[in-house]
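Shared chain: chain A. Partners: chain B in the first complex, chain C in the second.
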Partner chain A sequence: MMAAPVESVCKPSAERSPFSATSFQKKSRSKLISIPGTRPSVQNGQLLVSTGVTSLDFLLGGGLAVGTVLLIEEDRYDSYSRMILKYFLAEGVVCRHELFVAAAQDNPDDILQELPAPILDDVAIHKPAEQPRLPCETHDSLDSMMIAWRYQNLPKVQSALASSSRFGHYYDVSKTMEPEIRQAAKCHRFYLPEHPTESSTTRSPVLKSYSALLRSLQEVIHREGFDVAASMAPLAAEHRCGAKNVLGFLGGSHIGSLSDRLSSRSPPEFENTTQDISTSLKYFKSSYSSISKSRNILRIGLHSLGSALWDDDLSCHDNPTHRHSLTAFLYGLRALLRSSLSVAVVTVPSHLIQWGLLLTLCFSVTRYDSGL
Partner chain B sequence: MYTELNSILSTGPDSFTQGDFILVSDRQSDASFLIHHFLSFYLRARCKVCFLGLVQSFSHYSAVSQRLGVSLAQAKEKGQLVFLEGLNESLSVLIPQETHAGSQDMDFLRDPAVGLRSLYEFVQSSVRSSVGVEEGAEEWGPPVLLVDDLSVLLSLGVSAGAVLDFSHYCRATVCSQLQGNMVMLVRCDGEEEEEDGDDEGSERLLKGLTHQCSLALNVQGLPTGYCRDIHGQVEVCWRRRQGDGQNAQKKLFQYKVHDKGASFFARGTSSAVL
Partner chain C sequence: MLPELLQGVDAGGLLIIQDSAGCSGRHLLKSFINAALNREEAVHVIGFEVSEEELRDGSQGSPTQRLHFHNAFSDPLGWTDHPAFTVHQFNLEELTHLVKQTSHPKAATTLVIDSLSWILRHVSPSAVCKTLQQLKKGGAVRATIGLLHADMHQRGTVGSICHLATSVITVAPGAKGDEAVAKITKRSKSGKVIQEEEIFNIKEDLTVMVQSKASHTGPKQPGPEEQETDPTANLTFNLRLSDTEREAKEKLALPFVFSKAKKTALLHLGPGSGRILYEPDANDDYDQEDPDDDLDV
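After this line comes the complex of A and B, so read on.
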């Protein structure tokens, strides 16, 4: 007698359970991409990365938006501004982002060697000391946990991913990052003395050095596939609109970068007309997903732009001949960043420069004064 | 489009005065929310819009307009909107390539001394094309030119005089000949009081444009500093019209920008205060 009502109660609940499971799903926006070390802004959903300095992130409203430039005015001895730059790069290493370091004075490798050591409580760097010990060891009981003993047998290693995907880390400036962590990160270098500025006939509004740097950046962004952000929005719209707009979309010039990338691989598909819409759409979708799989952030650190070593005479003369070269460069940098998954920190020795309109072109400006 | 601002300016997408040159300026604040307002306003008013977006990418404007209920991609497709994405165009000039010639519109980047003639020609061709309507195409209202923002041109090496020439030419074509409207944004960094005199191109530009315009919206931060409930103040200044006989009129409002709009109120009447 008792079994029947229990069964009748249990059965519908078992049937209902899949429904209840779906109705209580966490509401998440599917178009947000998840890259380790990033998070969407609370205010506007922009993708943010950490500067590596948690308090600076707070000042900037949560972090540095992807696709923007943070300009740091150097202090007189370039000690604090350089540290900010190193924190920014170190955060990239810990989050497995790719780096691009450009400098004219120090070799980028030297800057990379000075990165501060991260304080990672749960990181899984496989050291021999952390190998499981034999239970018969007598000294083992000494450092075994006295109170939270039930946690001591939990695996210590599996949190490696959690640590690299966390937003913002703390660093120990007194130590430098261990080489094996540093070398795990993919880093692109631009050291100006290694780039002989060829005297080209094409007239450029910016200095040769800046032009070479922009070109190198553009190459890295194209080659490593960071230039997807611009095409994401039209792509999403296109998926919603359906096949009608696909032709115009494929032929449209506004997708620029992505269509360049794709057409280099499969030019005929872009010349096709109506009957091939579906195939090209399929191709588009597959390439879209293949891109989205390998998404990562490119962190760009540019050191001491505008100094004399970049061939710039902004800081040397009252009336420099290349007055607008640096601002034009920053404009180009902004153009590159806005259409890619990258973020830049630029330091400028502004105390040497008669300061003009530079500030308006950057996302935000941080002044560091050493107070000396 | 912010309806509160429309009622302040006593205008609307159905009835707006033609031939206006609206100058939007900001000082230690950000007035780009007004650019987004005017962009969605004129698109709703079924005007033919030419937008020179020099500081942001198309997707940025598109995302903001989406929130204000206007689709830029659709407007572009229908031919209502002509969009010049300055950032994209500039790259082919700043990173010279042998094969790619690049467009002529941003010619001033190659040599700022040449001036903005090519940019003006781009504006002229895009607003004039609306006059000769082809068969079957939708018909649009008077042309409107929006520029965001003129100060960038100064940073790229164009002289303030050349920018003033550009705006004057545009005004002659768009406002006078075609009876359209024009909205331009210019930003100033410094304090109003400090007179640097020599190289403050943006101050000179602002003065020159204020002289040309028929309506000035001057956005400033609060003099008392940051406030969560009041983002700044807008000074609305109507300049005297011919024959009107009225003196220039000024009004000051405080504003707060919301997620999908902005509210304007008289000084001291913020909901946080009252």
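After this line comes the complex of A and C, so read on.
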């Protein structure tokens, strides 16, 4: 009689690693999704990520809300704005977020190589957990602890949170990030000269270079599953056609069997409806599987958008021919990010732009003046 | 600063000499050509504005066999049947071909564009920017020097070109007849920006004489170093130990310090001892300083 409950208690704990054998779970205060390197906003519960600059996070009200765009007006020599962009990307590397870097001037790889080195207190983030030492090994080091020697044999406990799940880090600009840390992050690159775009002859509202970038972004967001996950996130204002409710009823396997049954038993007159249902269920199924994957944040860094190297004459002429191109791109970007687990930092050389462009499309605009 | 730039532009550098109707920058450009020739570099000049004779005039003393003049002066837009160089040839492929054709492959090459203004009149600024950026990336040309008449273009065009440049020299008329003021902005690879203003004049043999620095925006000279004082020098009590005192101190047996054997016995864990398993999570990050940290806000 007693064996069954004991077995059921013991079984899951035996499957776990020895370090997580405790069944004690603290009652969590928030029911929001938890992704390393994010936290909910104190004001409105929006999911925030750090810009990498702790003081800038404070100015923005805690951090950058996921699904928004931060536009940075470049300083004249692009030294401070570039630094902010690098901090933003470095923060993503430390938090194991995915990155998307787009540039026209420098190769994105060059930007990634210049990332500042994080100041981490737990250097061993990529090393396996320390094994508890055997008593015989400690003989040599007995003298190392004079007073508190009784604690010598106790395994070292990491009492602070692992730095990858903390919010906001500090960086040493004088050093660059070690390649091992940098290469651990998944990074998507968009370097405009490698994406040949024929000069636009059709009068489309968005330049070829911008639409290529937007398409590439869209593809990454769809492929890596950053889009659907957002329907579960509290930040999305509108949930897509009640997808959440359907998913609440049906597990992933149920959806599959149900759609099979529907398609096999359908009378011909209901074929179309059944097809619709089964395709929509397939959609839900695929979205469900991508949700059940571990969620992550995509950090998008777009460098010097609107400069002449992006084929844009916005910064060259007082009366540019593509005057709405950047604006249209920003609209598209905002719409794309709004329903995704991604966040963008865009730098724009606004000191070159003569045409009075209203950059009110972005969530927040930060202007940097270089102190020269 | 100006002499440093004349000694050589860094690899992958783009130097822009900005001038206006009030003060021509061509003399300075000639000085740069001369300096590059004296460094045994091959210099390719794309000349839209002056003829070859006028450009070579004044540089008799220097070795001119490495100076290659590409004549875009006589027919810049390709109206005749055999133009040497036209505005529309200003792209990476044509320029690479041009440079590889005429110069020794191993020599460091400097490309001089006289002037960018001519090209900007006929080619879109974004195309010019793209070509300049490609030239910066290296390959055929080690460094590029371009003359730009800033008052001929819209502010944004000049800004876009200068945005790409590693160094910008803006030439303005000086107080005396033969003097000129150069405002120099240099961007180093690390992203550091140095700005300086210098008054200079150019002698007959095209050497640049810097008269004075008009202003100095570099870092201020650090003051005389503060004398380091030893805080333990004049104390009323003794902080130091002599050797015999230290020996006596180390001999002293402290309470609760046990021998190795006893320590090992005490440290050896019995079979029934427990272990504390603890996993930190985000909720452990309790801030004692924050009175509202326990509230569900």
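We take it that the second predicted complex is superposed on the first by the 231 of 372 C-alpha atoms of A that agree within 3 Å, B and C clash if a C-alpha of one lies under 4 Å from a C-alpha of the other, contacts with A are read in each partner's own complex, and residues count from 1 in each chain.
Assume a contact is a pair of C-beta atoms (placed from the backbone, for glycine too) under 8 Å apart; a residue touches a chain by one contact, two chains touch by 3 or more.
It should be emphasised that the depicted structure is a prediction, and the values quoted were computed from it without experimental measurement.
Asker: After the superposition on A, what does A:S55 contact: first (chain B), second (chain C), both or neither?
Answerer: A:S55 contacts neither chain B nor chain C.
Asker: One more residue to check, A:H324. First (chain B), second (chain C), both or neither?
Answerer: first
Asker: Let me test your reading of the model: by the given contact rule, A:V206 touches which partner, first (chain B), second (chain C), both or neither?
Answerer: In the superposition, A:V206 touches chain B alone.
Asker: Identify the partner contact of A:S339: answer first if only chain B is touched, second if only chain C is, both if each is, neither if none is.
Answerer: Only chain B is touched by A:S339; chain C is not.
Asker: What's your read, chain B or chain C touching more residues of chain A?
Answerer: The larger set of chain A residues in touch belongs to C.
Asker: Mind working out whether A:Q218 is in touch with chain B, chain C, both or neither, as first, second, both or neither?
Answerer: In the superposition, A:Q218 touches chain B alone.
Asker: Based on the A-chain superposition described above, do chain B and chain C contact any of the same residues on chain A, and if so which?
Answerer: Overlap of chain B and chain C footprints on chain A: residues 354.
Asker: If you look only at chain A, which of its residues touch chain C in the complex?
Answerer: That would be residues 18-22, 26, 28-29, 34, 39, 42, 77-79, 82-83, 105, 135, 138-139, 142, 146, 149-150, 152-153, 157-162, 165, 193, 307-313, 315-318, 349, 351-354, 370, 372 of chain A.
Asker: Report the residues of chain A in contact with chain B in the complex, numbered from low to high.
Answerer: Result: residues 200, 202-206, 211, 214-215, 218, 230, 233-234, 237, 248, 254, 256, 323-324, 327-332, 334-336, 338-339, 354, 356-361 of chain A touch chain B.
Asker: Flag every residue of chain C that touches chain A in the complex, lowest number first.
Answerer: That would be residues 124-126, 129-130, 133-134, 154-157, 159-160, 163-164, 185, 187, 191-193, 195, 217, 257, 260, 263-264, 266-269, 276-285, 296-297 of chain C.
Asker: Residues of chain B touching chain A in their complex?
Answerer: 56-60, 62-63, 73, 77, 85, 87-88, 90-91, 93-96, 98, 109-112, 151-152, 154-157, 187, 189, 199, 201-202
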